Amino acid sequence: MFYRETGQFKSSYKADQAIFPITQDRWFILFIFIIAFLVIPLTASEYLLQAVMIPLLIFSLAAIGLNLLVGYAGQLSLGTGGFMAVGAYMTYKLTTAFPEVNIIVIFILAGLISASVGFLFGIPSLRIKGFYLAVATLASQFFLVWMFNKVSWFYNHNSSGTITAPPRELFGVTVTGPTATAETRYIVALAIVCVFALIAKNLVRGRLGRSWMAVRDMDIAAEIIGIRPFQTKLIAFSISSFYCGVAGALMVFLWLGSAETEAFSINESFYVLFMIIIGGLGSILGSFLGAAFIVCVPILLTNAPQLFGLSMPIDLQKHIEIMLFGFLIVFFLIVEPHGLARLWQIAKEKLRLWPFPY
Amino acid sequence: MNEIVAPSNKETNANESSGLHKDASFETLLEVEKISLSFGGVHALDEVTFDIRKGEIRAIIGPNGAGKSSMLNVINGFYQPQQGFIKYKGNERKKMSPQIAASQGIARTFQNIALFRGMSTLDNIMTGRNLKMRRGIFWQMIHWGPARNEEIHHREIAEHVIDFLEIEPIRKTPVGRLPYGLQKRVELGRALAAQPDLLLLDEPMAGMNVEEKEDMCRFIIDVNEEFGTTIALIEHDMGVVMDLSDRVVVLNYGKKIADGTPDFVRADQGVVDAYLGVSEK
Amino acid sequence: MEIINFLNLVFLAPFVEMVSYPIFFSEVIISGLLTGVMYSLVALGFVLIFKASGVFNFAQGAMVLFAALTLVGLMEHGFPIWAALISTIIVLIVLAFVVERFMLRYLINQEDIILFMATIGLTFLIQGFGETIWGSNVKPLDLGIPSESFELGGLLLNEFDLFAAGSGAVLVAVLAIFFHYTRIGRALRAVADDHQAAMAVGIPLKNIWIIVWSVAGFVGLVAGIMWGAKSGVQFSLSLIALKALPVLILGGFTSVPGAIVGGLIIGVGEKIAEIYWGPLVGGAIENWFAYVLALAFLLFRPQGLFGERIIERV
Amino acid sequence: MSEVFEENLSPGVEVDRPPVLSLNNVEVIYDHVILVLKGVSLEVPKGRIVTLLGANGAGKTTTLKAVSNLLKAERGDVTKGTIELDGERVQSLSPNELVKRGVVQVMEGRHCFEHLTIEENLLVGSYVRTDGASEIRSDLEKVYNYFPRLKDRSSAQAGYTSGGEQQMCALGRALMARPRVILLDEPSMGLAPQLVEEIFEIVDKLNKLEQVTFLLAEQNTNIALRYADYGYILENGRVVLDGDAKSLRNNEDVKEFYLGLSTSGRRSYREVKHYRRKKRWLA
Amino acid sequence: SSTTIQVAADEQFIPMLVYRTGPYAPSGIPVANGFRDYYTMINNRDGGINGVKVTFEECETEYNTKLGVECYEKLKNKGSTGASLVNPFSTGITYQLIPKASVDEVPILSMGYGRTAAADGRVFKWVFNFPTTYWSQASAFIRYVAQQEGGESKLKGKKIAHVYHNSAYGKEANPTLKALANKYGYELILLAVDHPGQEQKATWLQIRRAKPDWVFMSGWGVMNQVAVKEAASIKYPMDHFVGNWWSGSDADVVPAAAGAKGYKSATFHSPRSDYPVHKDIIKHVYGGDQAKAKSNSFGEVLYNRAVVNAMFAVEAIRTAQGKFGKRALKGSEVRWGLENLNLTEARLKEIGMEGFTKPVKVSCSDHETMGPIIIQQWDGNKWNIVSDWISPIREVVRPMVEKAASAYAAENKITPRSC
């Protein structure tokens, strides 16, 4: 029974409300941080950074954003891709118009624009709920993507409609554009994601988070105890879109390097939704776990046959991979419908009781 | 509970003599005037008129489907009556939104438990304090300094409610997993956390055994006596109604059929026929 | 001046054009209606499963593809049409069995979104499986349905479109009757409301689910045949699910007639928008316009035109 | 425990009253970690009314759901023990098969089909029956006779009816299956006193006239013990006391904690003391 | 079929980004097979390029940009020298890889797709898009129309519709068509079709209303099949309906079968499969088994295109070997080979492709070469050549290319090379 909270008395509510009240958890998190900030950038190959770690971080950010909206505020949305596009295109627009402005500031501005777009598209949530809302948010997805495709102002009137990340520096180091190394891009993404994850955690454990959850669990009751559901939902839409917008910006500027609207298609919306469901609705940790699952599992599956020295036609391999992926989704849902985060929690609960079964 | 809840409650009651006693003062807190409400062909309420005095426990009873819950829904603005008006704290109004009702000190519990199932007991109770919290989004993001102090301050109040209702062990349990009776108690806690002036309770003791009902009664009496909270109570257990309430209003098919002290109502033949049945006589 | 010109372009000119070329306008309407029925066919599969179990079946698109693939696949292996059809239906029933046995059974009483996610997993499974067996090439599908175009009073009509509309209408009528007038229909609606309570009153969830998934598979097959005849049977067939979604919310998730009416409204609406207003903004507005149109209806009826009322009370 | 049980029945009765239902040392775990029933054993003799009493969270609902096999839907599992219907183990039967064998549960907290009308709700209750429309119709009339209020509201969507109306609907729906064993979970909850009496009269009538067996979880101990033949008291997932209704009614603790009777008759709710007393069996 | 060949010390490694699954698999499969077969043939027949074996590894992209980038990252450092060059076979992926190419020193050969502006080798040192581009193609199409109508002067007043896939790829031809409309005075009607393009009734109603004299199409995937079917169903004269070279594969006309008869498309190589190179493939890859070859999409339009593409890659490496020696070459060395590629008619004959495609001479400033196109037509069973080789309109296209390239250079702070 080495993992337990017994004996760890908290003498103040302050201590009780810390993010990680249990000492072992704090050590664990410190360990993760050391790995993430030191070990990975120093040892990982470019492929690992570029194909796994950076997308993982970026999708985690988008997943956190969507989780705030779906998992906490209970508003099912499929517009993620659209909001990511807003972030990406606005970053491009702003940074090409004002090349001297710090790129981080640009990211945040783009996020804010995305937030206001999210606000607009959140308005139907006043009346529309559940799957109806989900399908309705597709309107924003399709409209935004269409708009970025159609209005050439957004991509500075170039003929192809593709936006490319120009080189930008941060503290004298190139962080975007083709010459930025994978390590720097990784570190920047990591730092941004950490800060925003912390902010998200703060939000959900405070008043706003409780209002969101109240609206999610029972909007009528929430209304009756004095929460304004409409306002609460709109804030959720805005903040969520902010996160998605920043994630979209990072996607183009720290990961892909260039993109057309196809990069923000409906598939993106679905993928981020998968992440939060698999990871766990209403859990920040779950957003990370879910992103890891959706990003890493296909890559593992693709590389697995080679690891085992199997050789098979690539299409068959892909089909098997798709089926396995589908199977794993169903399997995990059956094992634990509330996602990987819940699984993690149960594991911890068991550990707490260990070695006694109940 | 005393130290924290009581003083702030006194603020809201500041204009009154501190020695408020229900027999002494007849000040009305709420008047319901000729309220009518119908859904399609169903007359849920039909010209119902009654009042609730400050500091009293007012019971509303009546057969199933008589319109009791609808009455509470009208009082806290969830249903808009087709006719009639409501006078609360001296202000007359026909329409009221639930949020306004809440901000003016009306809190309630629900017949079919309406807790936020995915949240812990503590969080549920904290939502009751939502209206009292002030810090903006920015501070909440930082969760430091003033935001944290505010959070801790309200947490203390919530903890007092938890203490008071004796639900300390389930503080962090998601309420969806709690047994029915405890859920009802948490729901009461959520309403209490708002430090309401008028507390509407819709069958708070349904599904409880005697022991638990006794606990619940004790809480209700304490709230009423110590903080002077006015309570409107719907309950089918006549024992509870008779023992707790100061006055009782009886509804049947949306109409008021009797109004008065428990003993008076119990003796009323109409009430016996419509509601109590023979055996209760 | 600019503004007047703009107002004219948006609010006047399109209508003038509609009136000035009535034959073309009727052609637009008719093609909208015919397309609408094709959408309804896809939407119907969703409605069936949602209505009967409260599950938003994301895999419907994959089922359309799988059904059509199986059919052409078998025909390519020399099966005569009728044998291929029957075998395909049997395969779809087996699929329904498998889905119930290995998935739904374990997810009873879970939240909607969990079931939704599970059907997404199922989508991958079905797609991967279908393509492994039948390959990824475009397969022409020719059931011998006539597809000549002919003119009728200046209107150009296509035999195939009319045939598709006809079969769609028949299917919808049969299903609507089934849901409204049978004991099973009632039970299906009960299951959609509350799995646990349905079990408690003795409704065999297992059988119900197998029935609905089989019927949805069959509807998917019909949709697959109709759409596959246009484009050949290929992976993209599974993407038409996206076309069905606005239809679904407009008509209401739970209504069979809603699927058809929704389909018609969306079909006509998007055609008119694309043809008369699309050129003003550069075209290709059909896709999002369908959603916006549906959204507009939803603002007035949040449960769709024919959907079941969303119950809100405390 | 079963000894106590046998003591309380005359030998003659025992022969023609074999247990329809018997639970032996049943253990239930929710979500793989939450242990709720810790070895519950009980027997329900044929044609009797057996009541389960106990505080909130004692495990009454869980016990009933274990019998009707609805636990799966809550991610609960019977991990130990046996449940037998007519001497046959039924843990592997689906709820539907149980209903076909005449075991129907009325779930706690109403659980009506919100979007169906009251009448449709009732008709769904007869889903497993095969004895024809006219029989079903006449049963429907019977239910309407029991609950005239339902007849008034028969075309209203159940989701919009009052709490009590929903409770009646749930009960009526179970009766529509013509069960021989009914698992009743808190039937009196939220019903007007008059109606509570009526419902128990109905229970009694079904029991006496149609030999329906009842396993009844109830908080209204007073009335439950009045109508029941036998009772079990559950605390924290264990049976702590059982006996025939009369002996339970006379038990000091039961009087004190479940009936609200003190030595001087019924206690007033106003005079509830501010300290917690201890139940003897927990001491 | 084995897809992974172990990479040995002195072997020339070429990554293959393919899409054998997903919505575009019907196009991706013949392409992937064409590449595979040509490289295999080179290895089996000649023992590699001048004795240096070609090794390759397929990586599935599903035509998805993100997966494409992942594949690229995975494969770019494989082999003894790293990737020699990359053929993304997707406009989207090409766009992604362009900025990376110069950093990783892996040249990109995007043959007839990708970023048209890359034709300006002064700005895009690492990118090649010979023999021709979308813009050149569009201009050649207009020339073809002029020929059919009886001279450039006849273009005036004609209506030409462009039905295009509403994506970066589909829009490529628009600026050229617009510029030429100004020049020749035809009326241009632009009709976008959204991805995936299964529903095109509105588009074809508009065509029915406007009655354009010619319809040009830049379609992709299911959009092609549906368009051909819809065109037939509104009885549009199919011989005035011309697809670009991604709208003219076998899969595109199969669903419409007889209805597609008369449909035309542009291409830059012959659709036939009876050239010496084809015989070599049958012999050295399939051991003479015609049927097996057929089941591997042998001879299909897109298969042939991949063969051409693979040939370019091989010949560029061969050219580079002339300078750097007969060994496995690095990406930067292959880049030199690409830039100095000079495929003459004689050389084409040597490698069995005379008449199959046209000669190409790449230069430092011109990475495109503006090769000619021809028009093929579907007769209900197979594609036939129905025109002569048509050259693009250089004086219109090249200035546009240079303008776009210098805009790109400015935005990305690239100083153009002087050539």
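So that you can tell them apart, the chains are marked A, B, C, D and E in the order they are listed, and the count of residues begins at 1 in each.
As a working rule, a contact is a pair of C-beta atoms (placed from the backbone, for glycine too) under 8 Å apart; a residue touches a chain by one contact, two chains touch by 3 or more.
Because the structure is a prediction, the values reported are computed rather than measured.
K.L.:
What chains do chain B and chain C have as common neighbours?
P.N.:
A, D
K.L.:
Going by C-alpha centroids, which chain is farthest from chain A? Tell me that one.
P.N.:
Using the mean of the C-alpha atoms as each chain's centre, the farthest one from chain A is D.
K.L.:
From the C-alpha centre of chain B to that of chain E, how far is it in Å?
P.N.:
Their C-alpha centroids are separated by 74 Å.
K.L.:
Quick one: chain B and chain D, Cα centre-to-centre, how many Å?
P.N.:
So the centroids are 30 Å from each other.
K.L.:
Multi-chain contacts in chain E: which residues touch at least two other chains?
P.N.:
Answer for chain E, listing residues that touch two or more other chains: 20-21, 25, 29, 166, 194.
K.L.:
Which residues does chain D have that touch at least 2 chains other than itself?
P.N.:
160
K.L.:
Do you know which chain B residues sit against two or more other chains?
P.N.:
69, 78, 110-112, 114
K.L.:
Which bits of chain B are touching chain A when the two form their complex?
P.N.:
76, 78, 98-99, 101-103, 107-108, 110, 114-119, 123, 126-128, 130-131, 133, 135, 137, 140-143, 147-148, 151-152, 155-156, 159, 190-191, 194
K.L.:
Would you pull the chain D residues touching chain B in the complex into a rising list?
P.N.:
Interface residues on the chain D side: 30, 34, 53-58, 61, 108-110, 149, 153, 156, 160-165, 167-168, 186, 189-198, 219-222, 257-260, 266-270, 272, 274.
K.L.:
Please output the residues of chain A touching chain D within their complex, sorted ascending.
P.N.:
Its residues touching chain D are 346, 349-350, 353, 358.
K.L.:
Considering only the defined contacts, which chain C positions touch chain A in the complex?
P.N.:
56, 102-103, 106-107, 110-114, 116-118, 120-129, 131-132, 136, 242, 245-246, 248-249, 253, 281-282, 284-285, 287-288, 291-292, 294-295, 298-299, 302-304, 310, 312-314
K.L.:
Touching chain C in the complex: which residues of chain E?
P.N.:
Result: residues 20-23, 25-26, 29, 166, 190-194, 196, 198-199, 201-203, 205-206, 208-209, 221-222, 225-226, 229, 233-235, 251, 254-255, 257, 259 of chain E touch chain C.
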